[in-house]
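You will see chain A twice below: alongside chain B first, and alongside chain C after that.
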Partner chain A sequence: MNKPEYQRVAYYPGCALEGTGHAYNRSTQAVGAALGLKLDEVKNWNCCGAMEVKNIDPAVQTYLSSRVLSIAANEMGAKVVMAPCNGCYHNLKKAEHELAHDAGSREAVERISKKAGHATYRAGQLETIHALDWIKDGIGEEELKRRLKGSLKGLKVANYYGCMYTRPRHIFPEKDRGPGSESTSQPHFMDDLLAAAGAENVEFPLKTACCGGAHTLSDSDTSTRLVLNILRAAETAGADVIATECPTCHSGLEMHQVRAEKVLGEKTQVRMLYFTQLLGIALGVSPRRLGVHENVSDGLALLREKGLA
Partner chain B sequence: MRESLLAQAESALEEWLRARSETPTGERVEGFRLLALHRQGARGVPSFNACRETCREIAYHYNLLADPRERTERREKMMALLVEHLRLFVRGKLEVEGLGEFCCASRPLRNESETKGIAHG
Partner chain C sequence: MIHEKSLIRPENLKTHDKLVIDGVDVSGHWSTFIESRVVTDYNERLEEEIAALPGGEHIHRCWQCGSCTNSCTVNAVNPDFNPRFWIYLIRTGMESELLRDKDIVWQCVSCHKCTYACPRDVVPEGVMKATAHWLELKGHTPKSRSTIFDEEFTAQVVATGKIEEGRVIRNFFARTGQPLLQDWLVEMARRVARRLPVLQGLKLGLAALFRPRTRGWSKAQAAITEYVNEQEAKHRKALHLE
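For the complex of A and B:
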């Protein structure tokens, strides 16, 4: 599609990409560089208000996300902000929706922003997108194909989107708009990009299923069993690798794969790689620059086995 | 096989509803009681929609398995994994909502999975 406004965007990595999802951060930046897409990291960004704050006071969560949006719009002059993490993406979209439709949220954000001494974010100043939108609509499959230096041919991929990328539907008004738009029930942007890079996508009916991330600490056994079920479904579908686009889902799949073997004695072989790592490989970027060695799941062995590294 | 798996999926949602002191509906949505039960279970609990697509995939696999050409071991196993996922999801939700082991209705879900033999075979 090649939207010109996606060629240079404000980049909101979020907390996870500085920690467990560091490889996602590296690979997102490496793929952007390989494709000529520019990222300007949001200055002095803060937590989006993910889980903890939301449970205490939803208005504070809306404020925290709005501060990130305010810096990008009012201090950096950006028109588009890109968040690769599903949690961050979801919360920025939710804040946008709250500010557009809820007077109480507007009042709270106005009040806290004034107290914090920065400009108040107004709904509509920015467009929030995910890393998938950024590449799909910033470059598109045809242009991506032209820039490939290799191919993912021979690699069978189960695309796992998790449950926050498309839910709740009402905060993603740009989705479900027919051909070319993303679907909230059967998301396909990752499938499209990886297919363009030569991968064989398998039919994977748990692509938007819960990974148990929300209760990974309070009820670890249920989380482990949910993840184990996702891993088994991917293997049953014939996948070599599960492609991910969320650091929380990704680390959940990796950690609970290890835990399933230790605690339940259930071993699975499927590997996990971020979609940006897979695209990077096809674009000729080295696995090290993509942070493949940082993954818990041994993606490097799989890539070598398939002749991709 | 598909009838039994669909019944287990419905049973998981019935347990969720009973734990919340609701009477499970006998209605159908798009020909499936499962989808009607999901709709009922998500009323007032938006996060329960995280299993909406799993329910729809169960219905889809149920339909596929009616076709002899699609009735493969892999397809049956996938439907069993979907049902298992729904059961685990509901189990987690019961725990989060404080309905877990405190509620008699949830005990079958907290115990060993009935689909284990099929899904893990």
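For the complex of A and C:
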């Protein structure tokens, strides 16, 4: 598919991409530039509420996300907003769903928006997409193959999507629509793109398992156990690298890989790279421009070992 | 009544070491029986109180199929974490039974597998959050580490419109009395620093000193604060506090 409306989209990086997910931000922009996809950053954006604000008050989280949508739609005139972070993507989708179906949320958002002095976002003004949709439906595998400068041949990849990209199903009405659409039980967009770039995807049963990201610091022992399951499953499946598409998942896997080693004495070798870093390599972008050296796990050594860097 | 294996506790099991009935020796485990429990302390308001908190609204829809517990991420790590059972206890008003698990309810990681699996749209994840919230508001448990993290995070978003991860983490460790220089965090920093060019390291460090903000946020801050205070007062009233 080659959706014209995805060629130029409003870009919502979110807080994590300015902090721990800095490399994801760099690599997303670098891949966009290499593919000729344009990004207009949402002006003066705010935090979407992540996984925390909803526990204080869900309507406030809906408001926070709706403000981002409102700026993109009403001040920038965008039709599509793209969020590479699963947390942001999930929250914008959730806000869209709440505003379409729940009068209480509509009322709270209307009231706070009015007092905050900006237009209230109305459901249906925008389409929210993930960085995966952006490349998969904006460029597609065939076109991607034509633009490749290299190949990920010989690299065994476990594709890890986490929780927020597919659950709960009702906030993603465009998924599970048969051929061509994304699946919430067996997501495959990242698999498809990396396969097009030459990677060998391994059979990975924990694609949508939880890394314990919401409690990564408040309940570290549980998170370490959950992450260790994911890392071990990837290694058992024969993966050299876990491809990620969320800064919280990515840093969770990296943090708890170190923690498992330090606290439990459980060492794992598998590396973590953002899918945009992997695509960037195949598109001939330098590892440095993709921020590979900013990762905790040594992806650079792996790429060199495989003759990719 | 649904049979609850976990309700058979050591204190309900009675065994006579020496017992002869009608000339038959039934000493030891032959005489084991389960003492029947009489529950008199039902809290008839339990379900409506939890339903009054955000996330708990749909608890009444539950028909106890167990899909939530079956799909639960935390249950796989700790079998005592049992959303289906807790929903049952809440709906039948068995507060004292619920309180036995009060210290683990907050551990729900919000992976939404239960919400995905639930055939009745109960949103068990929301019910877990509402229950953890209820336990804290009623004073049954101190604020969990998760709540402290949520509060730190939310306070920063409400104040500036954005968060700066380093600051949230520092404040969280300080409030929970944990040293920031944990072995594994130091090790992580060491691994990144090894490869990061000095200039970029400096740039990232400097960025951390300047607090990111959304411009013109003060009106949003005031509106959110007013709304949150109103909601909190409403919740306290629904829980018959004050």
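Keep this in mind: the second predicted complex is superposed on the first by the 309 of 309 C-alpha atoms of A that agree within 3 Å, B and C clash if a C-alpha of one lies under 4 Å from a C-alpha of the other, contacts with A are read in each partner's own complex, and residues count from 1 in each chain.
As a convention for this text, contacts are C-beta pairs under 8 Å (C-beta built on N, C-alpha and C of every residue); 3 or more make two chains touch, one makes a residue touch a chain.
Please read all numbers here as calculations on a predicted model, not as lab measurements.
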Fit or clash - chain C, chain B, common chain A: clash
Partner chain(s) touched by A:Pro58 [first = chain B, second = chain C, both, neither]: second
Chain B versus chain C as contact partner of A:Gly212, first or second or both or neither: both
More chain A residues in contact - chain B or chain C: C
Which of chain B and chain C A:Val202 touches, first, second, both or neither: neither
First, second, both or neither for A:Ala30, with chain B first and chain C second: neither
Which superposed partner A:Arg225 touches (first chain B, second chain C, both, neither): both
Contacts of A:Ala237 with chain B and chain C, given as first, second, both or neither: first
Which superposed partner A:Pro168 touches (first chain B, second chain C, both, neither): both
Chain C-contacting residues of chain A that also contact chain B: 163, 167-168, 209-210, 212, 214-215, 218-219, 222-223, 225-226
In the complex with chain A, residue positions of chain C that touch it: 54-55, 73-74, 77-78, 107, 109-113, 115-116, 123, 129, 133, 144-151, 153-154, 157-158, 161-166, 169, 172-173, 176, 183-184, 187-188, 191-192, 195-197, 204, 207, 212, 214-217, 219-220, 222-224, 226-228, 231
List of chain B residues in touch with chain A within their complex: 46, 49-54, 56-57, 60-61, 74, 77-78, 81-82, 84-85, 88-89, 91-92, 95-96, 119-120
Contact footprint of chain C on chain A as seen in their complex: 15-16, 18-20, 22, 44-47, 49-60, 63-64, 67, 108, 111-112, 115-117, 163-164, 167-169, 184, 209-210, 212-215, 217-219, 222-223, 225-226, 254-255, 258-259, 261-263, 293-298, 300
Complex contacts: residues of chain A adjacent to chain B: 163, 167-168, 185-186, 205-210, 212, 214-215, 218-219, 222-223, 225-226, 229-230, 232-233, 236-237, 266
